[in-house]
Structures are given as structure tokens and as C-alpha cells.
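For clarity, chains are labelled A, B, C, D and E in written order, and residue numbers in each chain start from 1.
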């Protein structure tokens, strides 16, 4: 269970990333966060594994306030939270297998990992996870030889190898074309259901959000402006989140959203 | 509406700066051109033509009978350059990490690193060579040391630029999965920088083959002695031959290293 | 799927890659050992003889500040040589680096020919250039300048053609698509992209030229090298370190100017 | 290897052939002494002087000026010197254009001076000292001559006069013989204005660390080359030496006192 | 009018970009081309201004077969065809105005253009077009200081300054978020209607295609597999174009689309 209690985050330059967030996410939920560019979606997600540090409030993960974590306890926290990125963040020049096994680094001694000595079970796990996302035949390919969709699948395999309790995904399909996007979302959904892993995903596209989410959280300017089951989302919700209808006919004076 | 572009935003200090720099540049050139001491009469004299007549034919009629001696020295030169560049490549790595602002967040340490590299680069190779000849005697090892120290400055700077340009997102991804600093180094940073490191080291090796041709002057080994002797004795056919050997050797190295670099990236 | 279900990879790399890496590693170390033995270069010696080095380096300090007054004329001569040769080299290298970039010069034959010529130019050590031009044009600044120009063109064209090959070709496609001709495309799409690097490389070459003049001085091609050569031979090390420090200061200043110029342009 | 003797060789530029190998000499010496001798040639004696200071090189073939520095800095001792054309000394000459109208040293005032290298005894030090003495100037380069040009070598200095780049060149006596082949007119177009005092020839010196017994052996070995037809031929062909003769440190006092005139310019502490 | 007659294009490496295309596009039409990655959409579009050269067939633009054009006549052709790119293709370090005026290069002498001497009317035109896409206040900003949507609007202004008869746009909104995408599409549509400029656009997203297109052309593997008015497009059409339904539940063995 993840709980945000009056959580705020102000970036060093004064930008308010999160404003007083109160949210509870239950185990096994598939939550999609939507919102315009700059709404704070990434900040929200990255707070959970402390890639950014909220400046105020409490963030409870598995009963502990993670804002106090650092060093060892922070690494322990991160071990149980897997993360998937928009730009895959694979080491392009390393093989697929090496990328996937790097999900096990948190469980492996420094020296052993430097000499690539992973236990057999870990190798097995990595390979099984590659099979799970159907890409086991690319085992020894270099990551940069793969297409975007394949790279994202490798990064899912990497996260699975970490055996996380929570998966965070920051716009995992923004760089992919629609059919491939759906494929990736389906893998995520399948894993969420099969392994009961809490999954929190940022998405730009509301239609995709409605299709896969159990629950949708809408953000605007650092605040949560909508929170409810995907089934209850309406055209109106959309307007609320984006702050205006998108079909507006006033073409002049369009403000910039980036 | 009659045409009128909105006025260009005038940034007075910037414009003033630009004018001042232009004037400074102009002054610099005027100073240079008026004070440089070129004897044009000599340059376009019959002497030059006579020299062309005497030197150029010899130069392009290389002294093939010297091939043996020159080759031996050339191989020595290559060995010196190789040993020296390899040592430099090793020494440069920690210094480069020290200088890279995305690795060491402490500004002071960065600056210290930069100063070390800068100081090393300021020393002319010939002075390094003298110091090392005095230290270890007049032999190729002195040349190796001069090359090693001389190359560390440039390699360290290039390496640190490579490190600064890596994809930090990957580091973030590894951090997010609970890896520690050493693991991040080996799984996230090394695979990204190693090919560039190697390729710069090879590039430096090529430069060093040429640079070590100077070292012979002080007895630190290599082909430099031959160049000086050939010049002092005005044996242009030997200079031609030495140049031919250097061109061939460097071209071969260039081909091999090009091949290796293509496979690396 | 041909593999069985129980398959477990037991290595992060395929066997072939592992073999190649191992072989390459052995080759590098092996060649190191060979050259280390033939040149009798064992790093351990360096540490054994460290006291010799520190003694000698110690004699370079403190620098002889009184010597500074002797340095200016030759330093200025060096700077003049570097300014002239860099300027001319930069002008010469503009057409050549366009010709040596495969995304601009699509004619394969011309491109390869240019590359070959440049590679040969780059292999010539500066000392040989100096020696030959002194032989032809006599001692003095002119020979030094010509040697530096050729030396600099080789480096500049190589660096710049690589930058040009790495530019974003999309803008030039856009300009081509709107009917611009070749020169217009280069002027509007290529030049703005490479200008900052071009300037900083020019300054880099300027710096190299100042250093190279140390070597030129050895054979009478003018510049501050003469001074270093003389003071070294008189074992007048404090004076040498004054010269080196001044060269260092000049290099730092160039670095700084280069940074400022880049800031202004980027 | 501690038993190995290292012999550093700076070929005197003051001769018309310049050696680029020292191999035959080292081999022969090694044979005579029964220890390994390694030979190294370099064109710049600074490194050699310093290497003798750290005893990395034990035997040095150093020209006169280099020896004086080595003796002063590192107590290096001269044991032998070369003999050329039957003499243990040589002198420097002033070359001017044959029809330049320059007849005396005084005529040189305000002319352009070409010298090979400021550390060359005959090319720079002796002539410069002579000018300093006769005309009471401290820096001949700026106070006496209008301009001075460093050419890198004696040949190049003489050529500079021949080609009109300089009015006077100072070289060893007589550099022009070696140039006649390439510049057949050099003897007619140039003339010798005058000569300097006698300069002692290049030395064979040893470091203070060598024990006396070994030094004696080395001395004897070199001297025995004089009676060895084959060796003397090599010495002559390669190094332009006719004989090897004994030498005393005091013979080099003349060089020492010469460069002391340079005062600040050459600071010796 | 643009007419493809039995047009084929084989890339030097043997890839078949276009296979025997027969299509007629009328003046003033707003055509959207959809298809998977690699379907040949870009190849189709880029043939029209000869950025790629078809290897077989005829391509008639304004009554002339443009496949025979080269040098001068090719530049004349390109002058009347404007192009908008996915990555905007602005010169990042130049000002907005300089980017926009570069649309006039085809009408300006080489020497004049090198010294930035453009006729007054051209400057006027450039400025008016900037106003048209509502970005005239960024006139002297450097292109890389703008957001993605703004950059794309600048590139529209550049194309307008060229006074083209045809506008080609290769995935003009792929790098933009949905609200900004709609804005850009609306500008394109508006120009198409106001100036009667034939407009041909590549899009990934079928919903957007349906909203703006007069006519939709679907491509697959270098062939045209659908061609009809946007109003007649159905779920079925979509399946035809993408070669399968995208809601398929078979998650295994998903083929790669890149």
C-alpha cells in the first residue's frame, strides 16, 4: 500500500511539482495518471521511489515513511519498486541479457556483479522474463539493434527480474506507435493481474488510460483534480483534467502547453 | 497596414560587447601584420628557386639504401608511442572522472582535476623528455614516460568530456532498481564510455607516433635523431625516405585503428 | 523456437563475443609486453628513479621572474606566427572540410581522394615540415608560418569534417525541399550549426600552433622555441619555467576566450 | 642493469660530418673493458649533462661548452679529448660576403648576424665574447649587431650569408669545405673576416661516481684505439676524429672564462 | 492536381518503398495518409517533391511528369510545394524570422540571400505568416527557445512564406501532445480552406485522421490498401490498414512493427 499524506514537492528553483497530495493506492491496483505536460505526473511517480524527494508531508510505502530513507534503506526500497521509462533507458551497447540481469544488481554483491558472476537462478529468472515478454530470441542482441517496442519489452523484463512489489511506468508508450503501444500496455496489464503487482502508469492519452486502468488519477498544476474508477470517466472529466475542451474552435491565441 | 517589422530587441550591452570584440580583433590583426618580420624579398628570390631545384628532386628521390636503419627506428618509435599511450590511457581515466561534473559533484575537486590536466598539457614534450632522460637515462623508456605524461593531459580532457555526455537516464534507471555506485559504474557508465575511450586512446596513439619523432633529439629513442641528423647534414634524400616511412607506417596504423574503431562503436 | 524450456544462459555474452574480447585483451597486453621489453620500459623503474625526477623538477623552481622581459619579443613573434598561420589555415580549410564530409560531398571518388590527401598531410610530423621549409625559404618566420599552416590545415579539416558529418541534416532537407540551391542550403542550414565548433576548433588549433612553435624554434623557424632551446641548453631552468608558465597562461587565456566566444554564439 | 656502462654521445656540430651511430665504438669498448657498454646518440647535450648528473650515463662525449656546464653542475671530469687535423684545438671564424666591403670586426656593427645555436662554442660563445671584449658591449645580439638570427646549424649559418639573409656568420673553421659540393660558388662568394682564439676540442668525460680504477681502464681502452688501424678509420669516418689524446680540466678554463662573460644571460648558480 | 501512375520506388538496398501506386489528388483536397511504421507513407509524400526519386511509373504534378526534372526545373517544382516535417527541421541556432524567411530562398538570388538581402515584400510576407500562426511576438527568438508546438507553427509559417500550391506534412504532430497536436492540425486545415492549398498529411492516429481529413488513404507495405472519404471510414477500414485488429487478445507472438 502506498499512501501520500499532505505531500508537497518544491523544486530548488521554486517550481511547485506537487501541491499537498492525499492519495492512497492499494495493493494490486492498476492506476493510470493523466494530465498535460508539466502537470506533475512524473514528479508524482518519481516520488514513490525517491528519485525526487518531496519537501513536505509523508509518503508511506509498506508502512514506512520513505522520506526518511537514505543510503542502504533507500536501496532496499528501490529494490522492491521497479521502474519503466519513456525512453526505455537501456544501456544501448550492452546485450539484452546484460540489461535484463542488471535488474538483479540490488541483490548481488558488488564484486560478484563486476565479474558478471550471477547465481544460476538469477540467470534463469532473467531468461524466463525475456520469454514472458516474448523476446527471448534476442538474448544476445545489442539493445540498440531492437525496435522501440522491443526495447520497451526488454525494459519490462528488466523490471520483472527485479521481482518488484510495485511497478512505476513514466509514459512507457509515448515513443511508440499505437499498435505497439497497446502491446506494451497489455504486457503491463497482464503482469499486474498475474503477479498482483501494484502498477502506476503515466499516460498522455486518455483513451488508452480508460482502456487499461482500474483507476484514473487526473493531475493539473501539481494537484490531483480527479480520482476515480476508469469506468466513471466522462467527457466532462477530461475537460476538468485538461482545463478546457480540446475541440474548442477558437484557433487564435492558443496558449502553449509545453 | 503598411509594412513595418517590430524593432529588433536591442540589447545594448551585448551590442557594445560585440563592437568592442570586433575592434579588439581588428587591432590584433593590425598589430600582427605590421610587426611580423617577413623578408618577402628573400621569400620570392632566386635563392628560393635554386633551393627548390636542389632540395625537391632529392626529396622525391628517397634514400632507399637507408630503409633498414630507418625501419628499426620507426619500429622503436611505434613501440614507444604504444607503451606511452597505453599508460596515459590508464592514468587518464581516474583524472577524467575527477573532472567530470556529472560524476564528482564537488566543484573544487573538478577544478583541481582540470588544473592537473592543464599543467601537464603546458609542458612541451621536449622538456619532459629531458627530465626523463636525466631520470632514467637516455633510452626509449625516457621517451615512453614523456609520451605517457604528455598524452595524459589531452586524454584526460577528452575522456571527461565523454563522461559528461553520457545518458544519465540509464544511471537513473539503475539507481531506481537499487544498484550501488560501483555497480552503476560497471553496468551503466563503462558500457557507455568504453568504446569512446578506446577510440580516443587509439587516436592519441596515432598522434604520439608523430610526436615521438621529436624525442630522439634528446636521446629518448625513436626516429627523431635521424631527422635531425639528416637535416643538419642536408641529406634531403634521407629526409624524404624518413617521411615516406612515417607516412606508410602512420597510414597502416590509421587503417588498422579505423577498422578497430568501426568495430567498437 | 528451437531452444528447450530448461535453457538457462550461463554467460552474459555469446561464446563468440567472449572469445573475441579475450583475444583482443591478450593482443593488447601481449603487444604491450613486447614493446615494453624491446624498449626496456618497465613502469617500476619510474618509481625507483622518482627521486631523480623530483630533484630535477625542483630545479625549475622558483621561476625566474626577472626573465619575463626577455620573453615578450619572442612570445609576440610566436603569437603573430600563430595568428597568421591559424587565420590562413582556417580560410583554406573551409572548402576542404566541406569536400571531406560525405554528407555534403556525395561524389564518392572526390570524397575518398580528399580523405587520402588529408590523411597523408596529417602524418607529416611538424618537425619535418619545419625542416623542409627552412631548407626552401631560409630561416625565419615565413618558413615557420608555412609549416604551421600545413600542420593546422590537416588537423582542422579532419576535426571539422567530422563535425559536419554529424550535423542534423533535417534543416538542410527542409531548405532543399523549399527550392534552395546548394550554396543557399549550406549557408542557411549547415553554417549556423557548425559555427560554434568551427570557432572553438580554430582556437584549439591556435593553441596547438603556439605549442608547436616550441619545436619550430629548434630548427631556426622562429618563435619562442628558440628561447626555450637556449635556456635549456644553458641549464637555466628557472628561466625555462618562466617561459612555460607564460605559455600556460596564454593557453588558459585562449581557452577562456574560446569559452566566451562559444557562449556568445551557441 | 647496474653493470652496464652507458655512453652518451653528442656529436660535435663543429665538424663537417655528423655521426648518427655510436654502435662500433660501444662494441669495441665493451670488448676491451669486459663490461657491457651501451651507446646513445643525441643532438642536444642538456639531457646528457643531466643524465650524467644522476649517473644514468657514465661516459659522455661532450663538446667544450657542454663539458664546462657538466663540470660545474655535476662535477663531471674530462679524461680525453679529440684531435683533428693534428691539433687538440680549433677556432671559430667570421664569414662575410666576398664583396661586402666588410674588412674589420668594427665594420660588423649594425649588421645582421647568423649563428647556429647559442650553445655552440664556436658558433656563438667565442665570437660573442670577442665582440663583448673588443667593443665593450654586454649583449652583442642587441647592442652591437642590428639583428641576430638563429639558424639551427653551422651549415645553415654559412648559407644564410651566401644567400644574403645575413651579413656575417660565425662558424667553426672551415665549415665551407663541406658545403662546396652543394654550393660550388661558396668559396668565391664569401670570405673569412677573421678568427677567434683557440677552442679546446670535444671531450670524453666521466661522472664522479666511477671509481678511479675503472676510469683508468676506460682511458687506456680509448687510447689503445689510436694504435688500432680499424678503429681509427671508424673514428675518422664517423666522428671526424683523427686521434684521441689526453686532456686536463684546466684546458677548458678558457671556455669557462668565456661564458662567465655572459653574466645574467647564462646564469650559473 | 497530382497524379500517381503505376508509380513504384525501390530503394538502392532493395527495399520496396512504393509498389505500383495509382492515385489522383485534386486541387484543394485535404488528404491524410495512415499506415503502420514502414508502410511507405513518408516515401509516398517525399516522392511528390522528389526528395526521393521513384524508380518506375509517372508522377504528374501540374501536368508535368516530375520524374524527368532535375537541377533548375527540380528547384522550380520544389518552390511550389511546401513541406512540414515531424521534427520541425528548423535551424535551431537561427532566429524564428531567419527560419521563416528561408522559405523564400527559392525566389532569391544566391548572393542576395547570403547577405540576407531580401525584398521588403518578402519580409512583410514572412511577418504576416508568423502572425497567421500567432507567433509574431517570437520573431527574434532563437528557434531552440520555443516549445515543440511553437516550433511546428514556425515551420508552418516558413512553408506559407514559400507561397506553395501544395503542402506536404510528414507526421507533423508525432512529437506533440494531444491538445497541441489538435492546434497544429487546425492551423493546417484552416490554411487549406482559406488559401485552397492542396494538403497531404501523414498521421499515425486514425482518430485524428478522421477528424481533419477530407479523404483518407491507407497504406500497407508500400501499397494503397484504402482510399476513400473520411466519412466512410469504419472500424473495418482500420483493420484493413493495420493488417489486424488492434484489440486482439492474443498477447503472445506479437510481431514487431518497427
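Note that a contact is a pair of C-beta atoms (placed from the backbone, for glycine too) under 8 Å apart; a residue touches a chain by one contact, two chains touch by 3 or more.
No experiment lies behind these values; they were computed from the predicted model shown.
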Intersection of the contact lists for chain C and chain E: A, B
Remotest chain, chain E as reference, centres from CA atoms: D
Most contacted chain pair (by C-beta pair count): B-C
Length of the line joining the C-alpha centres of chain B and chain D, rounded to whole Å: 35
Centroid spacing, where centroids are CA-atom means, of chain B and chain E in whole angstrom: 46
Distance from the mean Cα position of chain C to that of chain B, given in whole angstrom: 4
Geometric centre distance via CA averages, chain E-chain D, whole Å: 80
Sites on chain D at which at least two other chains make contact: 44, 46, 50, 54, 56, 152-153, 163, 165
Junction residues of chain B, two or more chains touched: 39, 42, 47, 130-131, 134-136, 139, 217, 231, 234
Residues within chain E bordering two or more other chains: none
Touching pairs - complete list by chain label: A-B, A-C, A-E, B-C, B-D, B-E, C-D, C-E
Residue numbers on chain C that touch chain D, as the complex places them: 49, 52, 55-56, 64, 134, 138-140, 217-220, 226, 229-230, 232-236, 238-239
Residue numbers on chain A that touch chain C, as the complex places them: 95, 97-98, 101, 116, 120, 123-124, 126-127, 136-137, 139-140
Interface residues, chain A side, partner chain B - complex: 49, 51, 75-79, 81-83, 85, 87, 89-94, 98, 102-103, 105-106, 108, 110, 113-114, 155, 158-159, 162
Complex contacts: residues of chain D adjacent to chain C: 44-46, 49-50, 54, 56, 69, 73, 114, 117-119, 149-153, 156, 160, 163, 165, 265-268
In the complex, chain C residues that touch chain E: 168, 170-171, 173-181, 183-184, 187-189, 192-193, 195-196, 265-266
